[in-house]
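Okay, here's the structure, questions in a sec.
Residue numbering begins at 1 within each chain, and the chains themselves are lettered A, B, C and D in the order written.
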Amino acid sequence: MDNIFAFREVIEQYKVVFFDAFGVVKNYKGLVPGIEKTFEYLEAEKKEYYIVTNDASRSPVQLAEKYHQMGLKAISHDRIISSGMLAKEYLDLKVKDGIAAYLGTTDSAHYIESSGLHTLRVKEVTADNIQQVNALVFLDDEGFEWCRDLNKTVNLLRKRTIPVIVANTDDAYPLNVSEVCIAVGSIATMIENIVGKEFIRFGKPDSQMFMFAYDLVREKLQVTKKDIVMVGDTLHTDILGGNKFGLDTILVLSGNTLASEAETRINTTGIIPTYICQSAVIE
Amino acid sequence: MDNIFAFREVIEQYKVVFFDAFGVVKNYKGLVPGIEKTFEYLEAEKKEYYIVTNDASRSPVQLAEKYHQMGLKAISHDRIISSGMLAKEYLDLKVKDGIAAYLGTTDSAHYIESSGLHTLRVKEVTADNIQQVNALVFLDDEGFEWCRDLNKTVNLLRKRTIPVIVANTDDAYPLNVSEVCIAVGSIATMIENIVGKEFIRFGKPDSQMFMFAYDLVREKLQVTKKDIVMVGDTLHTDILGGNKFGLDTILVLSGNTLASEAETRINTTGIIPTYICQSAVIE
Amino acid sequence: MDNIFAFREVIEQYKVVFFDAFGVVKNYKGLVPGIEKTFEYLEAEKKEYYIVTNDASRSPVQLAEKYHQMGLKAISHDRIISSGMLAKEYLDLKVKDGIAAYLGTTDSAHYIESSGLHTLRVKEVTADNIQQVNALVFLDDEGFEWCRDLNKTVNLLRKRTIPVIVANTDDAYPLNVSEVCIAVGSIATMIENIVGKEFIRFGKPDSQMFMFAYDLVREKLQVTKKDIVMVGDTLHTDILGGNKFGLDTILVLSGNTLASEAETRINTTGIIPTYICQSAVIE
Amino acid sequence: MDNIFAFREVIEQYKVVFFDAFGVVKNYKGLVPGIEKTFEYLEAEKKEYYIVTNDASRSPVQLAEKYHQMGLKAISHDRIISSGMLAKEYLDLKVKDGIAAYLGTTDSAHYIESSGLHTLRVKEVTADNIQQVNALVFLDDEGFEWCRDLNKTVNLLRKRTIPVIVANTDDAYPLNVSEVCIAVGSIATMIENIVGKEFIRFGKPDSQMFMFAYDLVREKLQVTKKDIVMVGDTLHTDILGGNKFGLDTILVLSGNTLASEAETRINTTGIIPTYICQSAVIE
């Protein structure tokens, strides 16, 4: 790879930085070593920063706590924009009453709770309450028994014509250096194909994530899209989504995309970052 | 169909109305008869209204002129939001210089012209200028020779790693009561599959169209998503897109979706409009 | 529906009849009432008949026993052609030694056992034996723990470049009058999308099922494709597959395709049976 | 690449060799240099050989003539199995009378002519004869005006519920060292998506091609699948199709798959040839 830029030199040009979480700020071992310097720099330079993540397994408050436990105090809950927040906004705006059935942990479900709407695990849907189920949400791959509850989900969707929201669009996520887990996005696609209905997906690369973040930034600061850069390790989510929304983008080589394959992948996919940097760490 | 609502009663509840163009305001014969009354009502009630259309074949100014020629003066160019405007915004923000090659009429191309960027028909790309081509835009199904220029497009994308923008995502559009035309969205999908790259699509149901409109409205008026209703004749574009963005939606039966099949299609697709009305005409 | 033909009149014209199993000969309650008369007629008329089924959960011998228990003695094991037999043929021809890991019941796995090849449940693959795993087979949706074993399958396929065989291509199957189950075909598609590899699918509508049956028939009888008719209840598998192979086809309305929707579905899908009959029962 | 085998040593083990045409026997410049030696060897050793090709643009007789003109006399027309032959078999078996409309050159159409069935270019379909159109065949990307005739095809399929046959499933084909052409398979997929109907595809990797060849061989010779090897340059068609049919396969590096990328592509796609050889030329 030619043209590897120093991260600091690139972000100097922007007022706001959006970070992907996994592969950029943290990985399966914990924080990316040295990343706290990046946030010290941003604070010192008074640049705004946000974490834009497809993680809908926990609320921003819980996600922020995790960063604090790992020693990164800079990331407060109001700097985290997750695809779960869009699922919640959808329910707030579009589903007035009844039950939102969900697949995921109870942690993930607390978060989408909304006035007037009751959340219920798919396993708890019965002949008695099925007529009150007015939405279904895919939140996380954990917290339910796959065989029993996915079959139940298919039959629920054959009986009720209701909106289905997928709060995490990822196909898989890394567990450790050599293994991945199936993410709820893949599971949702399987169910969607079986029932033949159109699900509503939030999460990068979809623009609505970036729009949500952009709206938040503009409440604090007068900026345009030219002032923001998106930093990510994955071409198909972070870079494609950032590009489409009109942001400049930085591909970092500390996660999903290895240095040895970055150029080939960019040429093959046609997804072109504005810059490539080794990592989001400022040396 | 039970539950057909009177259009007037529904829109009374909202401050802003987004209209799809084809099948709602106009059809292949001209204006939907009586539609001018709807706009008189909106003006009298001081409600804001916008046309949100996947038509990238002409600029808003040219589209507005067409309405005026048909006798509908209410629709000024600044009330038209087209997917072509998002293509232009993308080029403005993301492609600094060089050539944007395009497939479409010269009318459609005038519109995306941008400072510093030169537009060129695909047929005019040569060995001499190909290295300056920094973007490709699918604008319209007319204005080029399909066999020659689509083959040329495939080979251009094999030689240049550049962003590809699809300004009209529709698969087909109606020509008359019994016939349709292949739209540029279908052509783009064919090319995308051949070259194996990821294209950037604007146009309903993608949220970015609604976001663009929402941003424009908020410059004039203090509103939230709850104040806006989207009116359309097509479940997969207007209603799905409106729903996902968090708007209430009205399916009208004056275009793509016939009264006899509306209920079946809603159940089959799981795309559920907030209301169904016979048409957007106020009686 | 006009043009409903009497089943007897139609099959009189053919020497060989291929039957789909579920929705034609049996359903979730047991045998289709009266179906034994059809087989008495076929025996009396000396017509050949075969069951051509995507059921890979049991061997033909076990499947035949089930028919005998339900009171249908006519269906001997050598008249059953299942997609599992093609999986077995593949392993016999193409995988010389080592381990074939599988997802399914042990019943289904006994059947694919092959000389020189050891079958092993995915859950039993370990660091010690993974290098001997030379094929993976999706046999049935039962017999394994979905969450644990599907995640294990994904990681197995990331470590080993081996052929993957899907012995049942169905998306879902009926459990009772109102409920379906997710079939292993859907699960395989999910895994295929995650790992990005090309799986090998057997089962209708794929021609190889029909070819296998056709080869068997020709060992006994001198016939051409014109002498054979395929009877099924599902347009996308039985009718599409039979048509493509060059057979005449009969859609029966005793299963997946209801009388009220047959005409619409034929027009929508463009999958056209040669004849439509109420059922495969001879009155 | 380790493990490159000498072509001669590999084919010594088989009684029958199936060859892909393009990238194996010929390329855009003419014959693969030295390939005539391979056929001399096969003749001397009394091994059977066939060309198995997705080329439906000409009849086997015309394709054989081309080889003779290039100096390769060994390939007689009865050794060529094309996907066009399967289209013809389909029409013979399944479409009794009326008109088969087609997209392609008149050369390609002569070939599918069948007793009782009249072939007609799509451009010649009119209001007067449309009710006689009982099938549509995609034969070749040449011989018609794309914009006019593809739009006409879409509207024909909206008016008539008829079988649609795609005789060449390739997406693109090479024109010269750096350029490709869009093949009729891509065009057919575009139309299929627009009209929402299920087309019938012949051509590798579909098994029916291999079955057709296998049936022909067995008329002459008593062989099993173990006696046959398929030689091809493309993983997704030749190797995948050969593998699935149960044949051993040889990937040659003289066409679509470059030596530098063969290993990566095999690992990425999971399509595994039995052997890899530099080319099909015997040194």
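Keep in mind that, in the parts below, contacts are C-beta pairs under 8 Å (C-beta built on N, C-alpha and C of every residue); 3 or more make two chains touch, one makes a residue touch a chain.
All of these numbers come straight from a predicted model, not from anything done at the bench.
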Check: Hey, how far is the Cα centre of chain A from the one of chain D, in Å?
Finding: 44
Margin query: With centres defined as the mean C-alpha position, give me the chain B-chain D separation in Å.
Written below: 40
Notebook entry, point to check: Per the centroid of Cα atoms for each chain, what is the distance between chain C and chain D, given in Å?
Noted result: 28
Next item on the list: Would you please write down the residue numbers of chain C that are in contact with two or more other chains?
Entry: none
Notebook entry, point to check: Looking only at which chains touch which, which shape fits best: line, ring, star, complete or other?
Noted result: ring
Next item on the list: Spell out all pairs of chains that touch, sorted by label.
Entry: A-B, A-C, B-D, C-D
Note to self: Per the contact definition, I'd like the list of chain C residues that touch chain A in the complex.
What the structure shows: 141, 145-147, 150-151, 154-155, 158-159, 171-172, 178-182, 186-187, 189-190, 193-194
Checklist line | Complex contacts: residues of chain B adjacent to chain A | finding: 89-90, 93-94, 157, 161-164, 195-200, 206-208, 211, 225-226, 236, 240, 243-248, 266-272
